[in-house]
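Got a structure for you, questions after.
For reference, chains read A, B, C, D and E in written order, and residue numbers begin at 1 within each chain.
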Amino acid sequence: MKSLLKLTNVNSYYGKIRALNNLSLEINEGEIVALLGSNGAGKSTTLKTISGLIKPKSGEIEWNGQSLVGVPPHKIVESGIIHVPEGRRIFGGLTITENLELGAFTFRKNKKWVKEGIERSFDLFPRLKERAKQPAGTLSGGEQQMLAISRGLMGDPKLLMLDEPSMGLAPIIVQEIMRIIKEINKQGTTILLIEQNAKAALRLANRGYLIEIGNIILHDTADVLREDDKIIKAYLGA
Amino acid sequence: SSKTGSGDNASGDEILVGVLLPVTGNNATDGKDMLNAMKMAVEKINSDGGVLKKKIKLEVADDGCDPQMATTAANKLVSKKVVAIVGGYCSGSTLPASGVFHNANIPMIVAAANSSELPKQNYDTLFLINGLVPDQAQSGADYFNDKGAKNIAIIHDNSAYAKDLADFAKKSVEENGGKIIAFEAINPEEKDFGSLMTKLKSLKPDGTYFTGYYAAGGLMLKQFKQKGVSGSFMVGDGSYSPDIIDIAGSEAANDLLVTATPTANFIPGAEEFVKNYKSKYKDLSPGPFSALSYNGMNLLVDALKRADSTDKDKIKKALKETKAFEGIGQVIEFSDQNTLSQSNFHVMKVVGGEFTLEK
Amino acid sequence: MKKYKKHSLLLLVIVMFILPLLLDIYWLDVLTLVLFYVVLTQGLNIVVGYTGLLDLGYAAFFAVGAYTTAILMTTFHWSFWLTLPVAAIFAAVAGIIVGTPTLRLRSDYLAIVTLGFGEIVRILAINLDITGSASGIYGIPRPTIGSYVLSSQQDFYYLILIVAILSVLVVYRLGHSRIGRAWVYIREDEDAAEAMGINRIRLKLLSYATGAVIGSLAGSIFAVKMSAIAPLSFSFLQSVMILLAVVLGGLGSIPGVVIGAALVIVLPEVLRGAEDWRYLIFGVALVIMMIFRPQGILPKKYETEDRSDPEEETNDKNHSISV
Amino acid sequence: MDVFLQIFFDGLVIGAFYSLIALGYTMVYGIIKLLNFAHGDFYMLGAFIGYALLSFFTGDGGLNAGLLGIGAVFIVTMIIVGLAGMGVERIAYRPLLTAPRLSILITAIGVSLSLEYASMIGWGASYKVYPIKLPKNGLEIIGAQISFAQIGLIVLSALLMIGLRLFIEKTIYGKAMRAIALDQAACSLMGINVYRIISLTFFIGAFLAAGAGIMSGVYYGTINFMMGFIIGLKAFTAAVLGGIGNITGAMIGGLVLGLVESYGTYYLGGSWKDVLAFGILILFLVFKPTGILGAKEMERM
Amino acid sequence: MSILTVKNLKLQFGGLLAVNDLSFTVEKNTISSIIGPNGAGKTSVFNMITGFYRPTSGEIELDGTSLINNKPSQITKLGMARTFQNLRLFPNLSALDNVKSGMHCRTKEAVWGALFHTKSQKEEERLIDEVAQECIDFVGVRKYMKRSAKNLPYGAQRYLEIARALATKPKILLLDEPAAGLNFEEKQYLIQLIRRIRDEFQITVLMIEHDMGLIKEISEHITVIDYGCKIAEGTPDEVLKNEKVIEAYLGKEDVI
């Protein structure tokens, strides 16, 4: 297995608040990796650091053998890392279609790609098609999450980082989304997944990391983690 | 009133005289012309040995034609303990400033500002050496009357001076049996008077009198001609500046009428002044209020000599008692209200891009 | 700590009372103007700083106070002191008139509506006879206390100083009350405030009215201090300068806003010597100050506790895109 | 009737100027929610740089620049001022993009003062007379006159409005601009170089304002360093009246404001026209709080 | 006895019928929930009940009083409090100040009292502080009391929003997806908290949730809506077995 992304001793701050504390992790090509941890542990910060929204104070981030430290976010997107952020962050005042088009901003010259991408999104989430011309801000929470994921896919990710994609979704949609994540992965996209729904996440993932106060305190294959006492107590329930 | 700042700055070998003028802002051109003339006067006085065995020194404060700025500037002059003030261009800022000087009992010779509101304050410290607005309005109205122009439009710019002049002009025109067919105001910061000119045009005036300052006056004149409004265009002394011809273009400015006290160029016996001024200031002609400013400074020195002291009350008294002071183009004596007992307004006309004396 | 703060405040007040004895009349005048701005900025601080309503026409309330006092004293020969409550009532009404149509508006629409009101008030002053039209009102009598006539620079300095102290006190007390908190809730999130049972309409109007009353007070004193007032003093630029002082000092922060007032007045005076360069330097200084202190010079702190870890402190400046 | 129509034309001309400036105003507002108080000063800067270039080419006042030369001066000036706009954004606004919105309003005031007084130092405080003048010929329509210059002005601002609108609505850059207005961080996660797009916005805004500035110099004949102030304020009003952030709205707002002022001058007199204009604005906003074309914001709880 | 009655409620956005002829009641002192697919109109129902949206038609009664045409602030004063699906705290204010906002509608001191620090004003301020602290203690975020809301961990922000709602002393509390983003352990805590709110304060709780584990555990009554219409209601056992509900909402797999 080829290592795709590697974080070594990364430290990130919000102003003076330290959010990542010598964090190291590694993602191999073709994997689904789950990132677990309680609120405020630093999961989202990890993703923000990878996608360049936050510049780490120290440490190394390697992507395909190249350093990502100090590279601006739009360049990181171009290199194939796509981050679907927590809280959806869709563009409320723009229509669904426009949101999708912007997802393919790096492919803006390739009209065909954009068009096909939009069609694929509508196949994936027919509900979006019904509302294609509606301002995205009027979508329900779940609909917005669907839009956020498909917008991320528009950028043709090699690594797709999903921050709590099932948050606020109806059970049937969660199943759907988990299925789609699996599907996306099968088609060759590596996935880094943050999930509070640990049961579902570990069912999906090959490996998992447990993060606490900005630091990895446990990592192993999903099967092993599912049996871990600590994980059971805090994340799975007896 | 209290006498703060009563100790004056006449100790040492200098007498400090305050100058209050707009040296920045829209009216800076005229303000600087006035300052130049005052500096010239002071230079001459000092080279002739000064006054009371001391040299005159000017302390300049900028009022920017803004009332609030003027009060601060006035207070600054008071704090410098000047013995007297020469200056005052815009009536709007001279009004509050004169109050500050009155409180400090500092005499002020106003060289240009001439709104009728100024003497109405009844300050014993305030002396006006420009002709007053009512006289100016009268000369404008009379001119129109003489030329048979009965239907008159009046436009002002909502400044203290322009509104005053407009009001008096209205009165004078009506007294002369004329008719005011429009009485309008503009915002001097704006440039487009298209619809106002359309309105004038539809009223077919015999004469239009704009009482504001030259920047707006020039633009208005240009648009007046462009729209082809009937009758002649007249402006007050706030627009008496070569700039108005520049702005309007000499073609549009042809036949422009101005009510004003004549500049040095037209005054017999002022050739010397014009020559000196030009040689001192790189060929720049004296501005419309240069001569008055020159006179104001000399009048003050004359009063200082007569008072033989820098005591404010004595200067006031000496000023009040001025008898037939001979300035360039005017003889100064004060009425009960400390205004000129005789004013000197004329109508000028632009011919071939130059101001000429019309009446 | 708190005691120390109280003492230094007291000291400041004493210094302010002694200062006139040490300053020449020019600097005294500048300082007087600073105090006028302190009052004005406190008033605007309620509206913009606490309630978060962007007001670009605040000078209108200053004008309402000034003209009310001027007219009542010159035309109707009222005593100065009696004009104050009348001016305050007029201003409060004006505040409510401005406030009512703007309640539903978002902040930038609000800005233009207040700007419009400010201009309308100024244009009315220019055009109406009762306000002396363009040349304004002059010859406003001096106020008297018993037989003493307030007329010197010092007299007005002390008068405005007392009003400034009072206005700081008023804003402080309101700010630390249920009302002041409600204003801040509205600023932070109008809908959430409404959900908490806060009647935003009533509180916004109260905010406007309170701000207006404070502004009018400054105006009334301005009228007697200047003894002449003209429409030009109540222009849009005046409103902008007051707002400038509030933001520069730190929105919602009482001491910050006082510093802002001082800077906005004193800086241009200090720069007088730079002549033509004066406003260029002032403009550049504004930009630089904002870049280095985007929250204002002395911003309001809403977190009161000293954190155990001195390293821990939010500082948003380090990352340029908010994430 | 001819007077009524004439006033209409007069109003359209003022309105066209308001519109041109309001376009840039609204665009910058639309993307970073900045009330760019310095925007009117780019108009002033355009007028002055155009003045400097024209004076240089025409040797102080001649009429021998030729149409091509004048066209070149226009373009060059607009580009210079556009770049200046970008520079101002880079220096004075970018460090404050995440600061409270009012802070950046204050920098805008600072920038405005700086531009005005730097121009004053550079070119002097007094009025400058523009070195070229417009031909006066035109058309007469039912007794009302309109010059070709005026027609050109109105047509040009309409064209610019349409072009700008197509740009914002249809191109991916335009969409990126609107997206930046909503969420900058999310934009950079789409691979958008946020700063570059903001820069572009400032360029376009200043570019348009500069064009309006030269046109005003040529049309009215004089310029001075404060000329951007009032018109900036009016353009702001126009932009809000039209629905701030909305391109077509800015255009319509400008024209409506121009017409209101023009008819106001005629029927009520110059002193009251601004009262009328602001009065209508306020009344309008009371009944339609988002301006003529501003979309009702559909905020979800 | 029912505390909240919703009758024939309808809400239209342009062409979109978000809520369609919906009726349900909430019994006093129960913990009830509304579930349904995303976009079914659940939040919209909350928004209508609390006065943020004006229903196209229909009737809403709280304890026999009609709420139609009341402003949100009036409704809160009548005894209804809510939290928001996307947190709506006052971000720059301390946690304590956030919670104090809830007491606004239960106090009355005005300008006069503030200016002169009257005795009753001081007394009231003390009360506000006391109640706010109680609420903060109750949800267990005391350690963040003086920190800005925006800097709190997400979970703490959720609890803080509940504390703020409690400070309005409601008869009924509406929670919009309170468990979203919480992990298993935190959810257990939330369950306790909701129970205590009902048991200790006798506050009726109506919530929207997608977490079936939580619903099963504490909800006594469920209303299911889809496309704005009620498709089922009853106890969790009844509802979660309903075919229609499984098809529209739950799906076949177990993802909890």
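Keep in mind that, in the parts below, a contact is a pair of C-beta atoms (placed from the backbone, for glycine too) under 8 Å apart; a residue touches a chain by one contact, two chains touch by 3 or more.
It should be emphasised that the depicted structure is a prediction, and the values quoted were computed from it without experimental measurement.
Chains making contact with chain D as well as with chain E: A, C. Distance from the centre of chain A peaks at B, each centre being the average of the chain's Cα atoms. No other pair of chains has as many C-beta pairs in contact as C-D.
As a whole-number value, the distance joining the C-alpha centres of chain A and chain D reads 43 Å. Distance between chain centres (mean CA atoms), chain B to chain C: 36 Å. Chain geometry summary: the mean Cα position of chain C and that of chain E are 40 Å apart. Taking each chain's centre as the average of its CA atoms, chain B and chain E sit 73 Å apart. Residue positions 24, 158, 185 of chain B each touch two or more of the other chains.
Contact of a single residue of chain A with at least two other chains is seen at positions 17, 53, 138. Within chain E, residues 13, 43, 52, 84-85, 88, 151 each touch two or more of the remaining chains. If you check the complex, the residues on chain D that touch chain C are 29, 33, 35, 91-92, 94-100, 102-107, 109-118, 120-121, 125, 184-185, 188, 194, 233, 236-237, 240, 244, 271-272, 274-275, 278-279, 281-283, 285-286, 289-291, 297, 299, 301.
Only residues 24-30, 33, 126-127, 133-136, 138-139, 151-153, 226-233, 269, 276 of chain C touch chain B when the two sit together in their complex.
Contact residues of chain E toward chain A in the complex are 13, 35-40, 43, 85-86, 151, 153-156, 177, 180-186, 188, 210, 212-213, 248-253, 255-256. Taken together, the chain C residues at the contact with chain E in this complex read 170, 173-174, 176-182, 184-185, 188-189, 191-200, 206, 210, 302-305, 314. In the complex of the two chains, the chain D residues touching chain B come out as 3, 6-7, 10-11, 13-14, 17, 120, 125-127, 129, 133, 136, 145, 216, 220-222, 224, 226-227, 229-230, 261-263, 265-266, 269-271, 274.
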